[in-house]
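Each of the next two complexes has chain A plus one other chain: chain B in the first, chain C in the second.
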Partner chain A sequence: MSDATATAAVAPRAVARRLPGALLLAAAVVVLLALPLYLEAFWLRIGLFSMATAVGALGLTILFGAAGQLSLGHAFFVAVGTYGYAFLSGGDTGHVKGLGLPPIVAAVLATLLAGVCGLLFSPVAGRLRGIYLGIASLGLVFLGHHLLLNLRPVTGGYDGRSVTPFSLGGFLFSDSSDLAVLGVPFGAVESLWYLFLAVTAVATLVARNVLRGRPGRAFRLMRDNEVGAAAMGVRVQRAKASAFVLSSMYAGVAGVLTALAFQRAVPDYFDLGLSIDFLAMIILGGLGSTSGAIVGATFVVALPIVLSRYADALPLVVGPGQDGLDASIAAQFVYGALVVVVMLTQPGGLRAMVHTLRQRRRPPYARRTP
Partner chain B sequence: MTRLLELLVNGVSLGLLYALITLGFVIVFKATRVVNFAHASFLLLGVYVVASAQPSIGFGAAALLGLAVAGLLGLATERLLLSRVDRRNHHAMAILTIGLNVVLTAELTRRLGESVLPLGAPWDGHVVKLGPLTLPLTVVLTIVAVPVLIGGLTALLTLTGWGLAMRASIADAEGAALVGIRLRRVSATAWVLAGLLATAAGIGLASFPSPGVSLSIESVAIAAFPAAIIGGFDSLGGAIAGGLIVGVVQVLVAGNQDSLSFLGLGAGDVVAYLVMIVVLLWRPSGLFGSKEFSRV
Partner chain C sequence: MSPPRLAVEEVSLAFSGLLALDEVCFTVEPGTVHAVIGPNGAGKSSLLNTLCGIYPVTGGRILLDEHEVTRLRTDRIAALGVGRTFQNIVVSPQESVLDNLMVGRHRLTSAGLVATALWLGRREQRRHEERVREIAHFVGLSARLDSTAGLLAYGDLKRLEFARALCLEPRLLILDEPVAGLNAAESWELGQLVLTARKALDLTVVFVEHDMGVVMSIADRITVLDFGRVVAEGLPAEVRRDPIVVSAYLGAPDRPEATPQAERTPQ
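Moving on, here comes the complex of A and B:
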């Protein structure tokens, strides 16, 4: 009886506490949907790159943040997605071949292809633990880069190959579409914005459900105590392999989005640096957190571009080709140092910082441990 | 036949250099359980100091300076950064070295750019004729000097009190601390050693026939990672074996590029990773690594 009244009394309060969150989310959705009408293409393009990498970061945060399996091979699977899409949807031009499939089919197949590559590597990935996998997966990046340079008919070699623009049900996501909304011409960037938003939203939801549900709990248990997980009935090798396959499929989706955003695929983009970027993103944002992965990805992607755009206004930094501190190098300094500082002070990343701040504002009895 | 022999000797020489890099990496791992992802940039920083100081103070002094800088960098990394992280949190420590690597690489990229600095070593540009073989002097010196270095290191580890402390803390850190071994000192020495070994290997890597110190040295040095995995990550003997395997295979593949054209151009640079994956499929903890087991 008293329990029931207590619950009844708590329930409206819980709703009241959630209400601002829901309102905030709704406002964010409205703003994100309206942005293409107001922002110039430069900022929208940053948004596209951020969303493309955010999807990849989500995959890595499942693999490393939840399952504790470090992968430095993420760039390889992104490359599989990019080139898979470019090859499957592209046509034959010169010495570069393509299958000419409809873009949506090509995108789905490219994602599956990345998953299959992850599955092929899983005999290695499933047996190695944590850091060991990190170094072993390093090999994938180098082998992948070698393949990209040498499988000329598929990848176009050093110069790369162009990417067929996306189309869905007759609507073309490129500058050649003559659609205009409220007087704003809807070119490639504007229309891709909505496509990317939808994909990122779905990817985030799926990641969140995986992390909060049964598989996520199994992954975390396995990360913290492998023997304990095995004793609780988690099939450790299989769980490791499936985390790896899932994260490579995320990387595959990220690869397809990257291909669409760049409209060209070049091998030098997919080097070890990209893998390390992904790692930095999820660490800065907070391991194992979906929102952290998105914020981290936006930061790491936008930092060099924004720095080089405002190079003239900033001290120390100069634009490309000038004498002085190059913007891309300056960005590397900033985020490399940030990774070190985060590890020294707040290994939980941005999410843990936000959490601590929130806890401080609450009365002591309402505080929760993360 | 002569050509094959030449390739083999060159491969062994490269392999010995890899062994040096890998040894530093493995010693740090054994003593502190840190996977040092910044190891390759330690190496590049060391030789960069050598190459940039060498015109003004001569090669010998510059080499000593480079060794000192890399050793100090190792010490600073351990003292200022890693000792502040929870010792049991291996992931955090490894990630910290990744962040450090990003910063160091950015700085070296800024300084080196596309340029190639000559190393100015006295053995540069000389060639030795040994019977039918024509070999760069660097190769001969490496084959003589590196085994001496490794022998000295082994003597240090087995004969001195410091070596005993080191081995004891590797075998059982808590037990060693209980009998009065200062773990902090052991891990600091391990990091200094890593810096020294990396720079020594870097001097070999940047010597003739290589054109000098450039950013590509770092990507060469990264091949020490697969060498460590092949050998088995926590075995000093394995580090040497892994280094030799990677060196010999790399040189043999690069030397027979024409008959191996189906592997594509530049296959020599990536074949180490292929060997690593094959070894991992066969033995998940490397050739000489201790098998992981857990007591319940």
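Moving on, here comes the complex of A and C:
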């Protein structure tokens, strides 16, 4: 059989194989777009936090999952994004200063600022490897926290500062907008939902392109064997540095989204715990996987909020301020235990689990052949 | 492009007092297959690693045609068209065979982070994928392209590494024990692949190997190392008869040229 006829014979099968996936994706998009019309603000807000965090997790999964470079300084770059946006878009109120730039400009600049911070740290990031970079980047979190508390004119100190709502082309993403769609009032949460959805979608596609393309392949060989990657012509030091800068820009975007979702920037959010949460997310989801990062982020973000909402109905767990096991602590126990279980049983995370199940459904030798 | 000449001139390599290579000299003529043999610990792999810039030499020069590559970074040397395989297989075990081979195209492609992020690397990728499939076909990995590399049989892994080195479109091919661990039939097959590739792709080949059957059948010339020094060099038939080589391998009591001097300090 010639190559051409072989391809022709395979093509319809390839389409048939991709069809269920494409339909599923289309259905998911429709559901995601329709959600604000049906869900109450509580759930939408969880969605906003999840999406904001998912973007950060995507950055870390490129850096750690693909390039094998551990960073515990991720929270620092998220903080740069949050406070960068708050400062650049905010006005002067009392002793807290701001530049009053248009929100879209402020958002872009805040992302670039996080990238520049990543670039400044990249001489270190390019020379260290794996766990050693993790230790070195730990210092960033403490430095960041110190600056957040003491750089009062920019950050507002311990109390933090408020965040200017996003606006684009005259449309204000806040509760003061009196738009209504199908009888549903479109306040901050509903309109931000679509903004976040768009940003998360672009961030995911960009991450997929990078991971599936030339840089992603170079990152992964570098992760598995640095000398091997160099022998293939990969400039190892530069590849590490660029992975770090890219991941800090992702963290910057996550920071901007976080600022918009919280509508306030407070220093205590950006501690080491946040960096570790990011790590837990990408490990749960499967290192180096974009869908894994999103699922992991949603899980880690939503679990404590959902647990505390249903604290009354759940055994052992109590709501905030009551005597007993606090919901957010309980959530940490749950996903802490899950990380251990995942590492022991399914090191590839949720993505690998899904992959294995799918492979099992198919007859073993009817799998993809060229 | 014609295959390059590789000249190794008085190359020495010391690891804090331990002299791994001691003024090693030899020349690989363009388009030939050159074997480096010697007992364990003779410095063969160290020699290959200095050729690729992985170990910085402590003395001497390495010339690829007229280019001096002695102090170049590993990726720069790769960019000059030097492809290699490793003794302990180096692949990304969780990636597909195709992805592993595509890494070999790194130096020939240019899509950076920004271009890839903006969907601009696709056409380039497709074009190079075609060539990679050809090379996979050549080494007999066509049916394995979508398999996860970590699940391949050992013989396939060896061929994967060989194919990836070819994907670099090298002019100089360096193979570190290409048939180690393979059975006789697989070894012979891979040996023939090396010869075919050399001819079809205009390569100069340097390889280290313990399998004397393969060495004798594919090498044009052989350099023998022992304790970091060249103890013999010549055509396969000459080397096979050389008493020094026999003693280096069999450990005869009097070793005229190769007295152990490994603990000498470097100059």
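Please note the rule applied: the second predicted complex is superposed on the first by the 362 of 370 C-alpha atoms of A that agree within 3 Å, B and C clash if a C-alpha of one lies under 4 Å from a C-alpha of the other, contacts with A are read in each partner's own complex, and residues count from 1 in each chain.
By our rule, a contact is a pair of C-beta atoms (placed from the backbone, for glycine too) under 8 Å apart; a residue touches a chain by one contact, two chains touch by 3 or more.
The shown structure was predicted, so the numbers you read here are calculated from the model rather than taken from an experiment.
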item: Touched partner set for A:V227, first chain B, second chain C, both or neither; value: both
item: Touching partner for A:R129 - first (chain B), second (chain C), both, neither; value: first
item: Greater residue coverage of chain A in the superposed arrangement, chain B or chain C; value: B
item: Partner chain(s) touched by A:V236 [first = chain B, second = chain C, both, neither]; value: second
item: Partner chain(s) touched by A:L143 [first = chain B, second = chain C, both, neither]; value: first
item: First, second, both or neither for A:G100, with chain B first and chain C second; value: neither
item: Contacts of A:R217 with chain B and chain C, given as first, second, both or neither; value: second
item: Partner chain in contact with A:P153 - chain B first, chain C second, else both or neither; value: neither
item: Chain B and chain C contact sites that coincide on chain A, given as residue numbers; value: 227, 231
item: Touch list for chain B against partner chain A, complex; value: 35, 81, 84-85, 89-96, 98-103, 105-107, 109-110, 222, 225-226, 228-229, 233, 264-267, 269-270, 273-274, 276-277, 280-281, 284, 292, 294, 296
item: Touching residues (chain side chain A, partner chain C) in the complex; value: 206, 209-210, 213-218, 220-221, 223-225, 227-236, 242, 246, 348, 367-370
item: Chain C residues touching chain A - in the complex, by the definition given at the top; value: 52, 54, 73-75, 78-79, 83-84, 86, 90-95, 99-100, 102-107, 109, 111-113, 116-119, 121, 124-125, 133, 142-143, 145-146, 164, 168
item: Parts of chain A lying in touch with chain B, wherever the complex brings them together; value: 68, 70, 123-124, 127-132, 134-136, 138-140, 142-143, 145-147, 149-151, 226-227, 231, 272, 276, 279-280, 283, 325-326, 329, 332-333, 335-340, 343-344, 347
